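Provided herewith is a single structure, encoded as structure tokens, for subsequent inquiry.
Should a chain be cited, it is by its letter among A, B, C, D and E, assigned in written order, with residues numbered from 1 in that chain.
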Amino acid sequence: MSTLELHGVHAGYGKAQVLHDVSLRVGDGSITTLLGANGAGKTTTLRAVSGLVRFTGQILLDGRQVPAAPDAVARLGVAHVPQGRGTIGRLSVDDNLHAGALLRRDRAQVRADLRRLRELFPVLAERARSQAAGLSGGEQQMLAIARALMGRPSLLLLDEPSLGLAPLVTKEVFVLLPRLRDEWALTVLVVEQNADLALRVADHAVVLESGRVALAGTAAEIAGHDEIRRAYLGN
Amino acid sequence: MSLMIDLVKPDGGAARRPYGRMLTGAALVIVLAVFPLVMSPFANLQVTLTLVYAVAILGLDILVGWTGQVSLGQSAFFGIGAYGVAVCADRGWPVWAGLLFGVVLAGVVGCLVAVPAARLRGYALGMITLTLPVVAVPLAKRLEVVTGGAQGLNVTIAEAPEWTGLAADQWHYYVVAAGAALVFALAAALRRSHFGRAFDAVRVDEALATAQGVHVTRYKVLAFTLSAVYGGFAGVLYVVAVQFISPETLILTLSISLLAGLAIGGLRSLLGCVLGAAFYVVVPNVTGEVSAGQSYLLYGVCLLAVMLLMPRGVAPALDRVVRNVAGRRGRAVAPGD
Amino acid sequence: MNLVQQILDGLSSGSVYATLALALVLVHQSTGIVNFAQGQMAVISTYVAWTLYDAGVPVWAAIVAAIAGSLVAGALAERLLIRRFEKGEPLAAIVVTVGLLISINGVVSLIWGTVLKQFPSAFPRGGVGSGNGGTIGFGTLGTIAVLLVVVLALGWLFRHTRLGLAFRAVAANPESSALLGLPVGRLLMLGWGLAAAVGALAGCLVAPKLYLAPEMMDSVLTYALAAAVLGGLNSAIGTVLAAWFIGVVENLAGTYISFVGGDMKIAVPLVLMILILLFKPEGVFGHKEVRRV
Amino acid sequence: MAVRRETGGWGVNHGMQAFVEVRDLTLRFSGVTALEDVGFDVGGGQICGLVGPNGAGKSSLFNCVSGYYRPSAGSIRVAGQDVLGVPAHRKVRLGIARTFQHPALQPERTVLDNVLLGGHSTLPGSVLSAMLALPGGRRRERALAAEARELLALLGLAGVERTPAGDLPYGSQKRVEIARALLSRPRLLLLDEPASGLTHAEVGELGELITRIRADHDLTVIVVEHHMGLISAVTDHVVALVGGRKVAEGTAQAVQSDPVVVSAYLGVA
Amino acid sequence: GRGETSSSGGSQAPGVTDTTVKIGASYALSGPLAANGTAAMNGAKSYFDAINAAGGVKMSDGKTRKIEVVQYDDGYDPARAVQNYRKLTTQDNVFALFQTFGTAPNLAIMDSANSEKVPQLFVHSGAAVFSQDQKAKPYTVGWQPTYETEGAAYAKFLTARDQDLTVAVISQNDDLGKAFVNGFTSGIGGSKVKIVAQETYEATDPTLDSQITKLAASKADVLFSAIAIPKLTAGALSKAAELGWNPEHLLVSLVSSVDQVIKPSGLDGSHGIYSTAFVKAADDQQWAADKDVQDYIARMKTSAPGADPTVPNAAWGYGAAATLVKALQETKDITRDGLVQTVQHLTGSVPLLLPGLELHASLTGPPLDRLHVQQFKDGKWSLIE
């Protein structure tokens, strides 16, 4: 479990500033969802945490500034499922999963985790030896999520995990999150357009608008907000 | 003008500052026209050879830069063009026939190689083209009756007409410059047309290109053929500049040097082709003055240094500088708008 | 006798090509780059070994020392030079290796001169067989044995170890691998280092036969590239088999097809290679890559 | 200016006969059956939804239509013409355009350039005239650019014309693809998960947009989507695939209450 | 146009001042022929340095001038040789070109040199084309015996034995290899010596194993190696031995170095290794006490420390430099044409030439046109009378 804090983070690409003074806190063992319109800067926020974009301001993991290099961040126990294709297409499904666990030494536990993830996503067992690039869009997304979990992270960053997933699977993933949070001591920051589901499992929610935090609060508070209902929930 | 940095803005971006561009272009033309009249024969030869290799590099750019295929065969096409014109000159046939023969033959060979090569990507393609110079050198020696074998051919072509009163090096300069300007302008127009976009799409993602109606194989073959034609034409210009061709010129090393020139100058940039060629021609002369014995080592070090300082090549680096300067100027006048 | 001997000779030169090709494949497998300077790096390593030997160090020790040194030097080359080009255009990376080739060649000529040196064989002189069966030198046999050991070791490393998986992941997708916490930079360095070490071994193995000179590996590079691509660029065993194939076919064509002759014999394996690649573009032992839209 | 289609008289078929006919389509990869005996019709001018669990074969079906995959059996006819025999790069000239599930853009070129590529097949194909920069070509190029700008405006991308496409957020990239597809002036548009990465409100806008372009451009649309809201809002007709087989077909409502679809795909709410 | 070759200094010829005379050269100092090119350059340099150290060349106008050599690398690329030529003639304004290296680079500049009347002296190549017609190309002059001459010398050596001999021939696939073979073939015409097998190779071949194996099948009595690359020669010799084929070897002079070829090949000469020579080899014990050779070795050590004096090209470069100095001394009319005049009538001796050999200028051949056959015995070369 980890605590993630952003204090006054500014980030962007080249000259284009995307995040303006973003501050948020993802408490130890909590699930926080990050909402926002297309282009609001959600992906950029996660990328800043992972060291994939440079930022100014402070990003603290358990009170300490995160390193600048993505691999160093990952070695602190941060797993990032990027938006879109997050797998290594040239490797087999199994190799992808094992690559997720390369930093771990507890081999027996790795095998157990693998079994569990295969139960959750049976297709990963069926297609264990196929090249990951051949999987369907949704299957690749499952692989990306499973691969991140194989690392047994303490902080899980999910960028639109439901992207390309069938409704049933999406639900399963969101049901799984609180369970894993408890069993595996996870802290989760999830960007999600299926706000309905996300707000149901999340403890906290943050809404980004044009790179600024527009709203933050408990999931229930946010879900009760009128504007949020109109833009994200539609009921 | 054709030598300007290729910004690839088919939607008219290139024409946004038409006067500035035309002025720069005109200035460039004048400088280039006056150059041989005031400079030494050695300087003229260097510029002439630079333009020769620039055409060959532009051909490579069409293949490597535009469509993303690797080729180690450019020296062979260069040789075909050169031998084409030299053989004709040697037998007393008209030079234009030699030009046509050399360029067409290069194009035909290029097309023949391209048809199977278009099935391949990346390094596999590079290997196929590697075969070309490896085979071309002994072949040129074997066809001794026409090529003069290992001794090569000494020819006298493109002699300065009496009335010009020009020395050979000056006349050769103008001939080569005119030829190079012509083929550069043609390539620039092609690049700005929708073909330029299609070539890019083929490079970036073949499936994507196909979905937009681009026949990937045809475009690869087209690029390969054009590239060979440009290589062949460069070979023709080479004979104008050097008046000699022998199998030594066809070797793989030249192909590799041209690739290096392309990377040094910067991909997808007409100016880059010229700068890359200039690097290939001028730097050895400079390092040779520093130390004849270590000139090659120094050349290698310069190559590494330029690549390290400007990983995307000199032309893009210059482009960025120019745009920064222009940008600053642009901001300065902005409030007045 | 001629036929058998030509085949044996082909295997012998094929083994020369294979040693360098293995190093090429190793770099490609771990960093996705084709390193034109691989041969030249091997040459400088061999000169180092020669210098040690010349100073009285036993051959084997000199070779081992050169291999160790090359491991470090290769890693440094990656870190200081190649690193900047791994993400950009592949051409830039290739050209940087060409620059490296030229520079190392210059440095070797500067330090050791251009005149050839005799490199001691780690294997005894002479060979086995003779008369009708053909002969094969101990040097070649030794080279083949070392080759096989290297191939098995590399195969095991890449297919069955965690390090191998890490190499493959990084070569296929560095960004994604970094997100998994793999030390991408260090793995790339190690990949280059290993390749340089294999290259050093290659140089020391072939130097007794080719004689040590700054351009020793230049002519081998063409063949090694062909073998690496024909073998699929990702398969050690495929590379060695392809190299042997090239060596043998070249000799047989030069011997038995009269119009080919000594000057054009190299063309035959290359043309065959083209034909094979047309039907199997990913190389004989390469995996067909699945691409999805 | 109108481009000559290779098949004339599509208007005649309109409404009289199915515009898209898929019959007995079977597609296998080593060890995986992606599609098995799939058949359905889409009427001209209709919007057809294609739904089903992950790996059901939806994208594969698109890939068969656009020629990337070669089915082992079956046929696909569009406007009465068999399209399976037509090479992939000619599909767009038949009036078939598509978007990709994972955005396929040229990341370093501008959004406008990316869209212009979609008009490639509408421009004449002589290299020589392009090299000579004849004025006719320039004029056509300008006209195309104007058309592309209109489409970008329609899709709410007017402000990012000159942005490199790779710099856009995910949701915008998917819209660039739609603009690109439209610039080829298609008759049949295949959309693969256009709503992924969009917020609820944005999905609503997208739905309106799809119905609008259907009307404005006289289009037939097949849309693959996991977003049931969008499916319900825009489709006239829905086909559900599970494990490569068609399991249900009908209105969005009917399909969504089909027990097989519910258990395999939607899950009980 | 401009006068390309006019000098700035009025009466004096280009490149000649009261105290210096400037000479230009272009060598392959990089690439596969770098070893030979560098050796040629070093050999010449060591002689010029010695002359300069002693004050310079005393010329016919009574002035003593130092020799200033401007040299560039051409990497054996004709286009670069042409550039170097332009640079030397128009920028460095040299008096004459000296010892430009290799056939192709010299051919590339030959026409320009003759039309611009720039002496292209003592080219470092045994191709006949540079000397055979000095009426047509008076400004281009060779130095060493032609490859044909050398090939014929081996033929004469074999036919003189009046035995039935079978010969296998391997030659480089270029004008050099062809010239050796042509000279040899016409030399054995009508004799009891027969060529029974013939192979060629490309200079880029890594080994010659396949060719030697083919030749070995002929079981010829003699192997004539018209191979121009030391490592390939050494490899060929040891391959033949490995195959159990022990013919007599004829090595062309280019690759006759004991250290570079014979020692690496592992052969001891017991089956007969022959070559030809026209200069005294530095590693030949019989000249250990020879003044010429001692001077040469000492001067090489001073001028090019680390360079190997046993490489034939170095000795040739030294000899050619001496020939140039001699020509400069003897030139009456100190102009380019005057120099060429002198060269065309040059006779006499220069250091390092084998006993009995002399310069012997003619309009149809190089100034040196004879060689001695020598045999490798007891670790050294010895002349055969």
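The rule is short, and it goes like this: contacts are C-beta pairs under 8 Å (C-beta built on N, C-alpha and C of every residue); 3 or more make two chains touch, one makes a residue touch a chain.
Bear in mind that the values here come from a model prediction, so they are computed numbers and not experimental data.
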Chain C to chain D, fewest steps along touching chains: 1
Chain-contact steps, minimal, separating chain D from chain B: 1
Touching chain B and also chain E, the following chains: C
Maximum centroid distance from chain B, chain identifier (CA atoms): A
Chain whose average C-alpha position is farthest from chain C's own: D
Distance from chain D to chain A - Cα centre to Cα centre, in angstrom: 30
Centre distance in Å when chain C and chain E are each reduced to the mean of their C-alpha atoms: 36
Whole-Å separation of chain centres (CA-atom averages), chain B against chain C: 32
Intercentroid distance (Cα basis), chain C paired with chain A, Å: 43
Shared-contact residues (touching 2 or more other chains) in chain A: 130, 134
For chain B, residues contacting two or more additional chains: 134, 138, 141, 207-208, 211, 296
Multi-chain contact residues (two or more partners), chain E: 30-31, 34, 38, 173, 202, 204
Touch relationships between chains, expressed as pairs: A-C, A-D, B-C, B-D, B-E, C-D, C-E
Residue numbers on chain C that touch chain B, as the complex places them: 28, 34, 36, 81, 84-85, 88-92, 94-96, 98-107, 109-110, 222, 225-226, 229-230, 233, 263-264, 266-267, 270-271, 273-274, 277-278, 281-283, 291, 293
For the chain C and chain D complex, residues of the former touching the latter: 293
Of all residues in chain A, those that touch chain D in their complex: 13, 16, 35-40, 43, 83-85, 123, 127, 130, 134-139, 141-142, 160, 163-172, 193, 195, 230-234
Contacting residues of chain D [partner chain B, same complex]: 66-68, 87-93, 97-98, 100, 104-107, 109, 112-113, 116-121, 123, 127, 130-133, 137, 141-142, 144-145, 180, 184
Chain B to chain D touching residues, read off their complex: 8, 10-12, 186-187, 189-190, 192-195, 197-198, 200-201, 204-205, 207-216, 222, 226
